[in-house]
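Below you'll find a set of structures to go through.
One chain, chain A, links the two complexes that follow: it is found with chain B in the first and with chain C in the second.
On to the complex of A and B.
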């Protein structure tokens, strides 16, 4: 009896083994990707929804078999906004054999630039710092740089300002992230953009901006262009409102009109600043879910599918994460379609072919994603939004800043 | 002295010279030798990924920095809350050479041991300068003075274009006898380089503590007036304590710069100074082996909490802020618990373990 059981068991195991063989043979390939970002710690309010956008989109790709039997395995690691940790994570990803890397902060992108070059690793960071592209062949910005955004806002000021040369102040984060666009905006002014940069303020952790705001008004400043994150902008807007210095309409004389680049705006700003956010002008290349569009529908559906809350679903940072995942997926898809192996070298080449008829329309952005050997900034178009009745809405049509090419 | 040099039991000394021996028994000496050999040999037998090799290298760099902090705070009793700034001085010495001469200048790529020494000297110079207020200041007031130095350092680096306003200044790969150290062997190479520095500085500090200069530090810490009355120079002792700490910090900073192939301000902030202090406290202030335990325990704890935070962030999405708070919470908790229940740090557990082994099998 015992012997019979043993034989049965052996046969069963052999059968199971035989059955598993074809399954293994049929299983698709797994493409390893890595993302290191601040899920906790400083800037995690942006990093957390960003990671969810990336995670959800890759899950969607695998669940809907967008790549056939092949799947994407993107390891997401928290670096707490620390370059040392990002380096550790990147080394870990390399050990895992990644073919594409998604990075986050400006500081770590600049610090790891040489590593990316040595590894020949295509990288899309969440930082749009123009300096990322200097002396780099492998970094691709997802959208227009902070410099292009600041120049775009400045062009809007010049175009819509009534009266003499507009006086502008810049309110920036005390880091490369904040300082990045200052020099380029100064170059644009030198190249003929008719405005005067009166002061560049590097904010600290001030809880009150009364002195700064009064000083700016006394100097005749009418516009403040911000390149920082939401919380200092919210504090500034609240202070300006309580002091009665905030313009009720664009360019109101004797008052301040506030404008900001990508990371200053979004729903989080409205939540932080409340009614003080009214009339804040914000530019980014991403669509917003307040306004119906196929991209917005797709974004909301994705967030719903993976049980994300309202906040994440409507976040432009969620759209940001989703978009970089869309680009990575698309480039894998195109490389596969050409019958090439999915390697970092082939993905890099394919990414550089993403232009002209091959431009990619992810839907989550206001324009197509285009890359070439000489252009590593993805979406060139920008959209201007303004807060009206407690929500952002389009203030104009998508545009491409003119002076960005003039100062090159 | 015991008739048998291998046995600890029955040890007694007949001269001060004997009491000051680095190793009391041949067993101690052999164990240490084998331990050092093991440290050099293990990477040859076990493959460790670059991520963990970087963590190990980080621990070793912190050991050198904490050794310096232990000299000034542990042995000389002078609180320093600006130690990361001294480490930064060393790193920015290397970065300055890279900025002026170019990241791939022969001095940096070939003469890197000399550069590490120069960085140490710069650290010592700044250490001695910051130590000058110690002639007049004590306790909390001195802590504030060192804190000021930390703030000044950060401000200068953050705003000066020469230092790239705190953003990374790159440094090229170094060259060894086998050629340029490649990416694959980078972390292993620096593991050995840092280990050699640790062995040298470890024995140097141990030796220093046997000399009159080392004992001066302890005497000044315990009672500077009594030390003065005994013919020591408390002022000079305090300044050179800061100088020595600065030297070791500078060396650690230079090694950090070469290890990361770049220098950025975010590695030398007040947070890092407090981290070094925590390592010294947890390891055991005023003990040499505490300088080894502290960095090891804090960095391993850091890794584990990081994993826990990651898990909490992924599974407890409603409590993302909790995940953010986990690290500072656990870090603070460890320091408080050590201060409350084991102020002498892990070094004391090591001492108890050694005492037990020394007496074994006899209890008395």
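On to the complex of A and C.
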């Protein structure tokens, strides 16, 4: 009797196991990704919408079965802009078996560069620092570097300035993030870009920029190119306005025209500076939702689908997060289509094939994403925007800075 | 010459805002010998309450600004009642550790609101054309900042010198046991000190927020930025906070105006105040106006 029961039980277990096999096969594979960023703490005004963009897009991929039955499981962790926490998160992600990693700050990207090399892990950070790519094989910038952005702004100044050689000052964050483009802009000037960099100002927590602004005007500076975050730029714009030093039109003589790279601008700058943001020139590779485009429609629809507020939906940092998720999804899709296994090695190879006819058009950027073995900067095109009537609008057509290639 | 005077005016404006921001430290330290590490968070909360009342509730800013000061007054009093009251008589280091914990709690609570990760600015309510006299200009926002700062500082100075409760607070600061023996309620004095610090922090938050825009990181950082000011002035001196604030403001502006950009120097406005602070503390370790206590054994 006991023997019979044992046989029945064994048969039942075998049957249950056999039945579970097709169910497991139907459930599809789960691809693990990780993102560590500042959802709280310094720069969380950028990190928070960025994380929402990443989260929403991967949810969208899974909900719409973009990868068939396979799904992406991206763990998003707050590192409060602290490199030690980022490292800890990255190590935890490795234990989870991630095949692709999304990082955030310049500091942590530089600090973890060796870890990425050792792990052979493809990484896309939210930092566009050109230095990320030096001695690195596994870091891919999503868009044009801060250096390219600053050079692009400088080229616009040179092309549109009337009179003698334009005098320019740089207003930068006191960190690797801020200092990133300084040397490259100096190289561009040395290579023939006809402008003079009069001063590079590293700002602090200034309540008043009167001394700096007056000093710059006294030295004949007409243009200030900023590479920092929105808050110090907003204070500077307010001070310049109250001192009557802000140009009302591009290059107005005796006054200052303000320009800035990706993290200086966007709707947050208008929110902080109010009317003082008028005529601020800003460059990035991302589209803006103020202007209709398929990418803007997709961005707004995604935010609406996952109940995001208006601020997040219209944030260029939401677009930023969404775009890196689009790139990660695309390489998984392409690797899968080739019948290859989804591993970090295969994703790395596929990323480097993203060029020529294989270039990727995510819609959230003003140009295609292209990577190769020698080029790890994604979108090369930049768009210049300017604040008019309290909102950013395109000031020109998308362009690729000429001097970026000349200084290589 | 107008450049020089412009720097003087800007230095005084910035310095007076530093003084107002540092006042909360002084008020709490003066009565309880406690350094409130969460002061920056209270500055930010005051600014956010003003914004919420102005934009979300729709009150005029001249109503919402004093209202936020009153709300923060009671909020800070509640914080003292809940977290710090039971620590009376405990070692000061324990109380300071609690304020560090309080900072984390307030950070966490603020991050639960849109203010933690979004940027805002007060709707414009002052004329945008600055006041200009002889080539020296000052914005209405700065003018308002200076006026509010000096009014509050004058009010607090009068309060500590003339009012009964103010004198009680000074007595508690001098000797808690002796104060209790003559019937002064030490817990009540501590609560009031925190409340007044909250009130001044809300005022500072409103003014700084109007200048920089409402960004949590920027606002809460002022709790640390003004620390050298209160150290230089003497932790228990209101006059010291004012004088040190203005000294710091002037040094920053002059360094930035005359040193930066010359001889390869940059960022001296950030560094020089600390160098001068160190030099002064070498000669006056209790700050410019701090009380040097001598204990007779």
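Definition applied: the second predicted complex is superposed on the first by the 386 of 408 C-alpha atoms of A that agree within 3 Å, B and C clash if a C-alpha of one lies under 4 Å from a C-alpha of the other, contacts with A are read in each partner's own complex, and residues count from 1 in each chain.
Please note the rule applied: a residue touches a chain if its C-beta (ideal position, glycine included) is under 8 Å from a C-beta of that chain, and two chains touch if they have at least 3 such contacts.
Please read these numbers as outputs of a predicted model, since none were measured by experiment.
Enquirer: Do chain B and chain C fit side by side on chain A in the superposed arrangement, or is it a clash?
Expert: Once chain A is superposed (C-alpha atoms), there is a clash between chain B and chain C.
Enquirer: Between chain B (first) and chain C (second), which, if any, makes contact with A:174: first, second, both or neither?
Expert: both
Enquirer: Among the partners chain B and chain C, which is in contact with a greater number of residues of chain A?
Expert: Partner touching more chain A residues in the overlay: C.
Enquirer: Scan A:41 for contacts with chain B and chain C and give back first, second, both or neither.
Expert: It touches chain B and chain C both.
Enquirer: After the superposition on A, what does A:117 contact: first (chain B), second (chain C), both or neither?
Expert: It touches nothing on chain B or chain C.
Enquirer: Would you check which partner chain A:201 touches, where first means chain B only, second means chain C only, and both and neither mean what they say?
Expert: second
Enquirer: Looking only at the overlay on chain A, choose which of 26-34, 44-52, 62-70 or 98-106 in chain C hits chain B.
Expert: Comparing the options 26-34, 44-52, 62-70 or 98-106, the clashing one for chain C against chain B is 98-106.
Enquirer: If you lay the two complexes on top of each other, which residues of chain A touch chain B in one and chain C in the other?
Expert: Of chain A, residues 39-41, 44, 48, 174, 309 contact chain B in one complex and chain C in the other.
Enquirer: Touching chain C in the complex: which residues of chain A?
Expert: Counting only chain A, the residues touching chain C are 39-45, 47-49, 174, 198-202, 204-208, 210-212, 214-215, 218-219, 230-231, 234-235, 238-239, 241-244, 268, 271-275, 309, 311.
Enquirer: Would you pull the chain B residues touching chain A in the complex into a rising list?
Expert: Interface residues on chain B, with respect to chain A: 49-51, 54-55, 58, 158, 165-168, 170, 183, 187, 260-262, 264, 266-267, 306, 309-310, 313, 317, 320, 323-324, 326-327.
Enquirer: Provide the residue numbers of chain A that touch chain B in the complex, in ascending order.
Expert: By the definition above, chain A touches chain B via 39-41, 44, 48, 77-78, 80, 82-85, 87-89, 91-92, 94-95, 107, 110-111, 113-115, 118-119, 174-176, 179, 309.
Enquirer: Mind listing the chain C positions that touch chain A in their complex?
Expert: Residues 3, 6-7, 10, 13-14, 17-18, 107, 111, 114, 116-121, 124, 128, 130, 137, 139, 141-142, 208, 211-218, 221-222, 225, 252-254, 256-257, 260-261, 266-267, 269-270.
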